[in-house]
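The following pair of complexes shares a single chain, subunit A, combined with subunit B in the former and subunit C in the latter.
Right after this comes the complex of A and B.
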């Protein structure tokens, strides 16, 4: 365990240049793209003088590097800036409630993808070589391949319009019937991936020496499976679980827009269209930090699971 | 190995799950409830390709929606809505925010259902000095802020308008709506810390001096920028006061769950009479409004292009609940009159006469909106139903093109429309085809993101484009002066006609209303003859209203309408 803490510190330090590069690139690209928050907001109704004045008040005519330093300084003090689209509201008061909604939206799919995908994967590994393996895999892949913009209206037409079982859209929290269709849409594409990952990881170890040794010792097949194969296959599965934990708050634009869920996915696209610089930066920063932490967490999980992966302390 | 593995795995996942929960709690704790919305509804209808039509569509829906609460005295009105972008009257620039703001806040004057200016917090319409430049308002003495019961005085108005003009507030509308007041422009530009033209004579008397006898000034006072806000509340909480706004309007904000619903309750101390309704619930989470209406989950719904034929059919039971009235917007094609080939009015008229507007309306738009003849829409004061528009005449169009200076040598022409998705709408497609068929001209199309579209238009980057213009206040000055006066900032067509300029200048300060409208009508005719714009359609509001909802009329502009509404079951 001694290697873990310095490891975390080293990784955090290494993350700083990553975050810096991503934020600088986003900041500059945003500023140099045509348009700006005031122009986007006033849409020609305000005089050029008003637009110029408001842009000046937002320091948009300063040197871009100066603007960057100023903005990042505010971020480090906990202030993500002010939105221009939701006029004069603090960016944190906009993005965090929406991330919370996206997190709720992703909660059931997160559990279901693994709870359903893993057993399917185990089943496929056990049935490898038989017809069920390619058949089920094909079905799962077809489901994954359906573009979400087609899947959603299809489900809406069937379940809401024709059979009148579920609402078309709307968001009333995770305990209402509105959550059913979005959950289906968000779970199905992930199933194929998790199932195949589980299957491959199991198949890889099924033929390993130590398994044959255990079998030779005469252990029952079921015990062999449960104790050894599945456990060893959990390494990549843990990677998947841990990796996706930190993206639970990231919403899918299509799902949110077509189902009317006021989450961060739909908001991200709208904010880019409105050139809301502060909000774009805030979302970028939060996502980058989440990505860095997710990768770090996966690495830490690895070291617990497989001591053969040593943490270099020197 | 196996046990340590399991323990390690459990430990790692446990720590990370706890981390997630902590993160989630932190997110919730920092959120604090009502923030703002997710949709950007631009005020200027950047109509582009979208066919006019509200939230109705063909999907049916068995929403888990509720029946109205029957135990609310006065009844509950349920209507579809969107999240507002702001509830600060000084900052509102879009129609969605304005819809709520006019109910929660108020100003010196407001518009009634006939779009006439009536007194709101002022006791009567103002007395105007003989030179037309000084407006004196006597305020009512029974107007209080909703939550604090503090009486509204003339000082509150001076504060509110100066706040709107102040650089700290960052309003983009102050220039247009308060700019006529003496000293306002100085404050807006940061050269003064107060507006000299707003004078508090005493607690109940306010005098506003304007820079010229502009007859449309009072109209501008009906717009949110001129509304009164509570200084005490704002001083206490500069950032978040709009979450529980202390207004003076007929309704108070009870609750706003972003993305879900917004609830208004009546202000029983409203000075123009407590509204009869018990509660208004705006359903933001949505679904198909028409289906919700048919299921009895909402009481008013828009009718979109997909359903309009069914609803208009006299045999359809819903037809009895269908109401339709024009809105004060015009959708048009605009030309850059300083760029080839549209610097030649013959070419402009040729392109205009090649469009069969009636066919577009009949076939593609299914009569959802009416074809436009003139620039001013019906319902706008000064509207002239006999104005000579640009008729459909393919032969004349070809001839005009031949007579123009570009005959036989037209430069490449590009039509620009706004929006995203690489998909030009059916209306634009049809128009492009009409130019091909009737003029023999092939026009390229480009689509530009809305964020930059309007500023590019202003810069003169496009040869021609399509857009919509919605009335900000019911006065023809808003349509004709802002768009066609040669020195106006809003003159995107860069149109310049000295005779039109003269007429517009006269009408600006003409005190006699009849003569004023005559000037505007003359100007409109001249403008149409020169064709810097080709008006295509007017807005039409098509709604379904439940029979037990009384007093709801389509007014064509945003006014505080809900105080006239009652539910009679």
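Right after this comes the complex of A and C.
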């Protein structure tokens, strides 16, 4: 597999200018905004001299480019800076625990989307042409089209306030009843997407020659053909799985805010409002790097998994 | 030639049969669309929605801004009634009028962003990147990748929180100016900002699609033949390439409208999009959400909520049907 390693290196090198561009843009955006962390925190109650002194301490009065270089140097050494909002806490100590929470929140939906979505996709492909196919597809489409902001309060009112089955919000870990509603809200859209993907790839495989051969051989339609078709239809699914893995720790803004889950999504919104530059940069950098790595991983995974591609690159 | 085989020769009738003109594209399209009843219903709703947006001032019985009369206790937070079809909100404003004007906000933002970001930027840059290749292609790709790597909502929030206050301050200076002062005061600045922000990130997906299709088409023999005959770039683009990307453009615009509307609602929900008093669905949904509010006054959430949900469902269904009809791979 001599062709794979240079491919990985090439992708890594191509990722660097992207990350550079993104960090520069975000940094400049943050600095270009009116207000700064000192002013936001002191709210005009501190004297101008104090404000100026604090700004100098944080190097906020330097040239923006100089600030950027200093910041990136610290990041590469692993230091994301100190938060302004939560005094004297390092940004890393804030965002990483929250990412851990977001990860837990995404765990159930991750498994459920694939465990439920794939069988639905297979079923739809097999029922192609019957009434179940367009019916279920339409239902899934409709469910996905409902915006989360409307869905969440509705579910909260029905299940929590009216029927008193589940708690409205709050976070008590993944083994409490609090996780049920967020899981439902997070699973349904992904499920529809996976079902669709599975169906499309199944349909593509079903038209292939080897399937016709298998049938002509007289193999039992249901069991063995399923094994042939499904196995090959799983290829695009694996890239979807790999891709989603990297987004497990990315929290959804709405779900976290409306359900009161202290994850990275809710934190992003709070920190942007509070103009906490260091935290904003840290979150942006981590998200972007994760996105770039996820894309790379998906490309590489596909190279490994599809034997046809592997053979071609050799 | 015997009498038997003579019957096999092509006759005049056959020749005319071959020359019968093909069914015009529009007719075939309309027929395929009408066969899908659900998509037709979706289209009807879309037309109704945008029609309301266009004729908003004629349809809305009240103004969308509140007045001191509205704030009187008996007017606030009423449920649906004959006087106020959808009820009133926290400030006593008629919800029906607000919804009608909110469709106008949505229309302005979606149409402007879809046409500029999707059509001009997305298609234009896609054509440029796909046809010109070389350094232009690389530059556009890098830019698209960079823009796409930042989570969209994060970028929007960042832009709204950082760039916007400066724009606001600048615009407030211009309120007194003779010509553009009064249109500015109607809240068009808000809408313009949201439009700029959404266009900035909206072109990436469309551009990528168009570019890959252009790459595929430009290698066809007829394109090479045209180039060798000395056809200008403009002619090739218009005559050969564009007809093959038309369906992608239509599909791209339709699917992106739903995403644009959702982004606008999300932005407004977090207070960073269109702001009061300009009505918006995000604004109304924010007012209505929260379990206690929903229990006490459900109409605040469900009326704008249902209308918005139907909007998204209609676009999803219509886009799906369009995809089935237009995409040559699924025909």
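Observations
As a working rule, the second predicted complex is superposed on the first by the 303 of 314 C-alpha atoms of A that agree within 3 Å, B and C clash if a C-alpha of one lies under 4 Å from a C-alpha of the other, contacts with A are read in each partner's own complex, and residues count from 1 in each chain.
Going forward, contacts are C-beta pairs under 8 Å (C-beta built on N, C-alpha and C of every residue); 3 or more make two chains touch, one makes a residue touch a chain.
What you are looking at is a predicted structure, and each value in this text was computed from that prediction instead of being measured.
Touch criterion met: A:177 reaches subunit B, while subunit C stays clear of it. Looking at the shared chain after the overlay, A:160 reaches both subunit B and subunit C. In the superposition on chain A, A:288 makes contact with subunit C only, while subunit B stays out of contact range. Of the two partner chains, subunit C is the only one that A:258 touches; subunit B does not reach it.
Of the two partner chains, subunit C is the only one touched by A:25; subunit B is not.
Once the two complexes are laid over each other on the shared chain, residue contacts for A:130 go to neither subunit B nor subunit C. When the two structures are aligned on the shared chain, A:59 is found in touch with neither subunit B nor subunit C.
Of the two partner chains, subunit B is the only one that A:101 touches; subunit C does not reach it.
In the superposed model, A:149 lies in contact with subunit C only, and not with subunit B. Where the contact sets of subunit A with subunit B and with subunit C meet, they give residues 34-35, 156-157, 160-161, 168, 273, 275.
Those residues of subunit C whose C-beta lies close enough to touch subunit A in the complex are 38, 142-143, 145-146, 148-151, 153-154, 157-159, 161-163, 165-166, 169, 258, 262, 265-266, 269-270, 282, 285-286, 288-292, 294-295, 298, 301-302, 305, 308-309, 312-313, 315-317, 320.
Contacts from subunit A toward subunit B in the complex involve residues 34-35, 38-51, 53-54, 57, 83, 85-90, 92-94, 96-101, 103, 156-157, 160-161, 164-172, 176-178, 227, 231, 234, 238, 241-242, 245-246, 248-249, 260-262, 266-267, 270, 273-275, 297, 300-301, 304-307.
Across the complex, subunit C is touched by residues 17-19, 21-22, 25-26, 29-30, 32-35, 138, 141-142, 144-147, 149-150, 152-154, 156-157, 160-162, 168, 250, 253-254, 258, 268-269, 272-273, 275, 280, 283-284, 287-288, 291-292 of subunit A.
On the subunit B side of its complex with subunit A, the touching residues are 2, 4-6, 8-9, 11-13, 16-17, 20, 24, 27-28, 30-33, 35-40, 42-44, 46, 59-64, 83, 85-86, 88, 91, 93, 167, 170, 172-176, 188-189, 239-240, 258-260, 285-288, 291, 420, 449-455, 457-458, 489-490, 492.
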